[in-house]
Amino acid sequence: MSTLPSKQLETFDNAVPERDYTIHIETPEFTCLCPKTGQPDFATIKIDYVPDLKCVELKSLKLYFWSYREEGGFHEKLTNQILTDLVAATAPRFMRVTGIFNVRGGVYTNVVAEYRKEGWVAPTPVHLP
Amino acid sequence: MSTLPSKQLETFDNAVPERDYTIHIETPEFTCLCPKTGQPDFATIKIDYVPDLKCVELKSLKLYFWSYREEGGFHEKLTNQILTDLVAATAPRFMRVTGIFNVRGGVYTNVVAEYRKEGWVAPTPVHLP
Amino acid sequence: MSTLPSKQLETFDNAVPERDYTIHIETPEFTCLCPKTGQPDFATIKIDYVPDLKCVELKSLKLYFWSYREEGGFHEKLTNQILTDLVAATAPRFMRVTGIFNVRGGVYTNVVAEYRKEGWVAPTPVHLP
Amino acid sequence: MSTLPSKQLETFDNAVPERDYTIHIETPEFTCLCPKTGQPDFATIKIDYVPDLKCVELKSLKLYFWSYREEGGFHEKLTNQILTDLVAATAPRFMRVTGIFNVRGGVYTNVVAEYRKEGWVAPTPVHLP
Amino acid sequence: MSTLPSKQLETFDNAVPERDYTIHIETPEFTCLCPKTGQPDFATIKIDYVPDLKCVELKSLKLYFWSYREEGGFHEKLTNQILTDLVAATAPRFMRVTGIFNVRGGVYTNVVAEYRKEGWVAPTPVHLP
Amino acid sequence: MSTLPSKQLETFDNAVPERDYTIHIETPEFTCLCPKTGQPDFATIKIDYVPDLKCVELKSLKLYFWSYREEGGFHEKLTNQILTDLVAATAPRFMRVTGIFNVRGGVYTNVVAEYRKEGWVAPTPVHLP
Amino acid sequence: MSTLPSKQLETFDNAVPERDYTIHIETPEFTCLCPKTGQPDFATIKIDYVPDLKCVELKSLKLYFWSYREEGGFHEKLTNQILTDLVAATAPRFMRVTGIFNVRGGVYTNVVAEYRKEGWVAPTPVHLP
Amino acid sequence: MSTLPSKQLETFDNAVPERDYTIHIETPEFTCLCPKTGQPDFATIKIDYVPDLKCVELKSLKLYFWSYREEGGFHEKLTNQILTDLVAATAPRFMRVTGIFNVRGGVYTNVVAEYRKEGWVAPTPVHLP
Amino acid sequence: MSTLPSKQLETFDNAVPERDYTIHIETPEFTCLCPKTGQPDFATIKIDYVPDLKCVELKSLKLYFWSYREEGGFHEKLTNQILTDLVAATAPRFMRVTGIFNVRGGVYTNVVAEYRKEGWVAPTPVHLP
Amino acid sequence: MSTLPSKQLETFDNAVPERDYTIHIETPEFTCLCPKTGQPDFATIKIDYVPDLKCVELKSLKLYFWSYREEGGFHEKLTNQILTDLVAATAPRFMRVTGIFNVRGGVYTNVVAEYRKEGWVAPTPVHLP
């Protein structure tokens, strides 16, 4: 695998496809360019998903995030684009992408987008006391 | 866009209207005048919404908040007014406005108001373990 | 309005009776006397309510809290009494009173009591991701 | 009431039996002996309950906790025993006992046990925004 | 019981099988080897379960965790393996295993897997206010 | 000793007068009246001292704090008065009194006053790495 | 005293001029205008001082802070100006003013300025262990 | 070594007597009896020392702390006694014992006592920026 | 001033050169490239300085930080380079630059470098109690 | 460089030997074996140093820490050994090693050891207000 920024997301086989289980991934090291001013923007990106047959490979995910370093993008569009790309690569049962953008002009902004595979129903959550 | 305080909220087209997704906005930089004493009041304002066809533009939102700097307003009325204005500007599927006002006389006050578009049903939340 | 302690709770008209919205009030400045020892007790009092036609006026609420300064009262009874008095004064759709009492003898105690107006149904909560 | 450790839990009449309300009690000052090594064990004990006709008296509860000072007990059994004793003494509508035991060998352990009176149904919770 | 690393999980009889209650176990002292680089990986492991007839014995659990010290394993597979082994040893009503892995390359990863015994239904949770 | 508020501070003999050592005392349960408005004021009071021949007895200190409950006093004067009274009662080698007053009108105020016995020199502090 | 913004700082006599003691004042409610853009700026202002013959009156200090609401000012100049004005009004033995300005463009800025009365020497600090 | 409570502190040879270095020890698991009421008291005990020829053995220290479980003792005396005993056992170059006692009657108390070997001078501390 | 990355640091005249005062600047938005792998590195950069005749202009400082976005640099060299450049631009009385680099391979690294103008002596610090 | 555990510490030339500056390194990923029980021990290790002509290379430092994975060692000896090895490899002007060991038997232990090159004097620290 190359160590250059890349839009190519690698996957590996889910070792436990018989279970609905959760993978949480989080990086505070996301940066892109502001589409209005061209100046750097910074964010924390969180991914929560229930894999189906494929899991996203973490090194390629890091190169994928890197690929935004020289790209502009509004917060809303960018967060949805990451979701769309990860869904295309992994075809998960469920996925949520959260973008927590650094404060600008005294205003904090987060964007949260979700995908659910058609027909998939989340297991009834067990809330232990 | 002018850099004077303004009640005029600008919007832009929602790039992903096919999805119900969430935008969180928060500013600790809200100030108005106390309607009783005329002295400055301070608050943090939070907005959580699911856009329909339009998203609120952040720079105009900042000018909108600025427009309260010389206005008086009770906490309850003011928080509801911000909701009413943002709903009028963006016609969202759902919106919640929270006003967290600074302590006065040893008493802390928050106000939370919500709008739901008629016929809109929130997606069943997925609580991942 | 007098600046003496008073059991008289003042109200003002709810400016937005057409909406179910929430008002949170909290004070860390509550003190009464222990009914067993006569010594001072201290607590934080929280009020969360959905107003109907009337809202409680904050200055009179402060004088109301002050009125407990020379009164004894068990934690359970006192928290319920505050709820009863505030319901009598404001006839809300919903109200919750929480008393968080300072540690005594190594033991921390909280009491939480709620009132719901007959026939009032809480709006289905929207849990945004 | 004696100031010696005692298994005897005292109660007083619930002043507001017409309401389902909550009493939270917490002490970081619980200690017993490890049933394997005989050495001291330490825990925080939390009690959350909805009283029916009787409330537990706090001073006797403190003497009750003290009664474990020279007793051995596995975490699971001990937490359930406290629940059983408190239910026997107060016949509550609902009670939860949580034991948060100090780390041993790099491992943290909590145990949570609940009792519900037959036929009692918890009020539908109101989640205010 | 030996003090060598061991895959053998010991159990003891659940003293209160008539109740659904919760046992939380957590250790910040888990280490294995990265299957790609062979270098040490570190994690916090959490276990939440409702025992049926058997509880896991904590000393043997510690030796079990120790047994991973010289083994490689991907985060997803390893977390699921711990769940599978603990379910085989204790046949619980419900069990959740959470692996919180140390940051690598600026990326944080958690994995959460659950088991529910067939036919077991979690008690309706009581949410006290 | 009576359980009424009292300006009378009790002491006991310092058991280790041959050592300069430190006693820290802190209470979040101080309340007095505002000398301007007559309304309750609240504070945390901290005392740090090096005893000479006498230590302050904690129960009488609590009654002493209680004696301010119906008295007015400016923050500066009141903090200095507590120092003067405690020095008169205990004749310490060193004493510091800190008053941390609750926010009023958006302004937080602390006052810190110290006493040093003539001729007493603080031991050179040892700053361990 | 008027309740309009005012540059006039009121003082009262120091009740304990024979002692060097410390008064800490802090407000999170400072706002002015950015001298470049004309848009609101926000800051927390801290004052630490050793009074000589006069103390600053808190209500007039609040009106003084209010007087900046419609004024522009660079962070460095503004913090030094507040120090200069407070020194002119109170002639203290020592004073420190700290301005903690809200983040702008991803950059946080604080400014700290001090005044020492000629000939005044700070008491040797006592560092209790 | 026995696993019964014991006043006997064991030591081992300092492996690096040629260096002044620091050992910090802390336990939140200290309990004794109140000399006035006979009821349990709880504390966190901290020890900071520079060993000379001997270091205190941790298992015997734990048995030593255990030996206070059935003993009464005022906070001031007890903290100084622990220091005296540890100095007698280890003859350190420097030692500090801190007792942080649980809140009683709304009052928090700490006691800090130090020992310095005659002729020992603490190395000039290096404060790295 | 251009909105492109730039090594050119702009300054403005210190408005209060007669005082030694402190300016703290901090940004969590610093990113460069790892000189070994070419992959992005992230850091928080702090600057603390006592200006002489010139202060650094914040917008140009932001462009300066931006100029590292496509450059490689070891942590130690890079932090020292920022100090050297800022000293060259502003000729301060004192300056400290701190680089807090994101964790890599489980290891956290900070670098702190200082400059002092010849002949400048820091004012004796006043430690208020 | 190999990716096997190794006692061999690599260095690189200090790029700025003309300045006394500080490098802080910290890892929460240290594990060794208890010399008494043979079971795993865990610690956080911190290193603070002022380099002279050589800096420690981070990848080799990681392999060095790894080399303790199968070794036993008392806390005091081990922390001093790390200092001795790092001083031998880098000959710094100053170095401090801190070992923060995980709680065992309810007792927390830290060890801090320092080295100063003969003749080196730490620069007078500048404490900015």
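Residue numbering begins at 1 within each chain, and the chains themselves are lettered A, B, C, D, E, F, G, H, I and J in the order written.
Here is the rule we go by: a residue touches a chain if its C-beta (ideal position, glycine included) is under 8 Å from a C-beta of that chain, and two chains touch if they have at least 3 such contacts.
Because the structure is a prediction, the values reported are computed rather than measured.
Asker: Which chains, if any, touch chain D and chain G both?
Answerer: Chains that touch both chain D and chain G, as defined above, are A, B, H, J.
Asker: CA centre of chain A versus CA centre of chain G: separation in Å?
Answerer: Distance between chain centres: 46 Å.
Asker: Using mean CA coordinates as chain centres, what's the chain F-chain I distance in Å?
Answerer: Distance between chain centres, rounded to whole Å: 44 Å.
Asker: What is the distance in Å between the mean C-alpha positions of chain I and chain J?
Answerer: About 27 Å separates the centre of chain I from that of chain J.
Asker: Report the inter-centroid distance (CA atoms only) between chain E and chain J in whole Å.
Answerer: Spacing between the chain centres: roughly 33 Å.
Asker: Where in chain J do residues touch at least two different other chains?
Answerer: 22, 28-29, 42, 62, 96, 102, 104-106, 112, 114, 126, 128-129
Asker: Sort out which chains touch which and give me every pair.
Answerer: A-B, A-C, A-D, A-E, A-G, A-I, B-C, B-D, B-E, B-F, B-G, C-D, C-E, C-F, C-H, D-E, D-H, D-J, E-I, E-J, F-G, F-H, F-I, F-J, G-H, G-I, G-J, H-I, H-J, I-J
Asker: Using the touch definition from the top, list the residues of chain C that touch chain B in their complex.
Answerer: 14-16, 19, 21-29, 51, 55, 58-59, 61-62, 123-124, 126-129
Asker: Can you list the chain J residues touching chain D in their complex?
Answerer: Residues 42, 102-106.
Asker: Show which residues of chain C lie in contact with chain D when the two form their complex.
Answerer: For this pair, the touching residues of chain C are 22, 24, 48, 50, 74, 76-77, 79-80, 94, 96, 104-114, 116, 122, 125-126.
Asker: Applying the document's contact rule, which stretches of chain F touch chain J when the two form their complex?
Answerer: 128-129
Asker: Could you pull out which chain B residues touch chain G in their complex?
Answerer: 3-4, 28-29, 31, 37-40, 42, 62, 66, 69, 102
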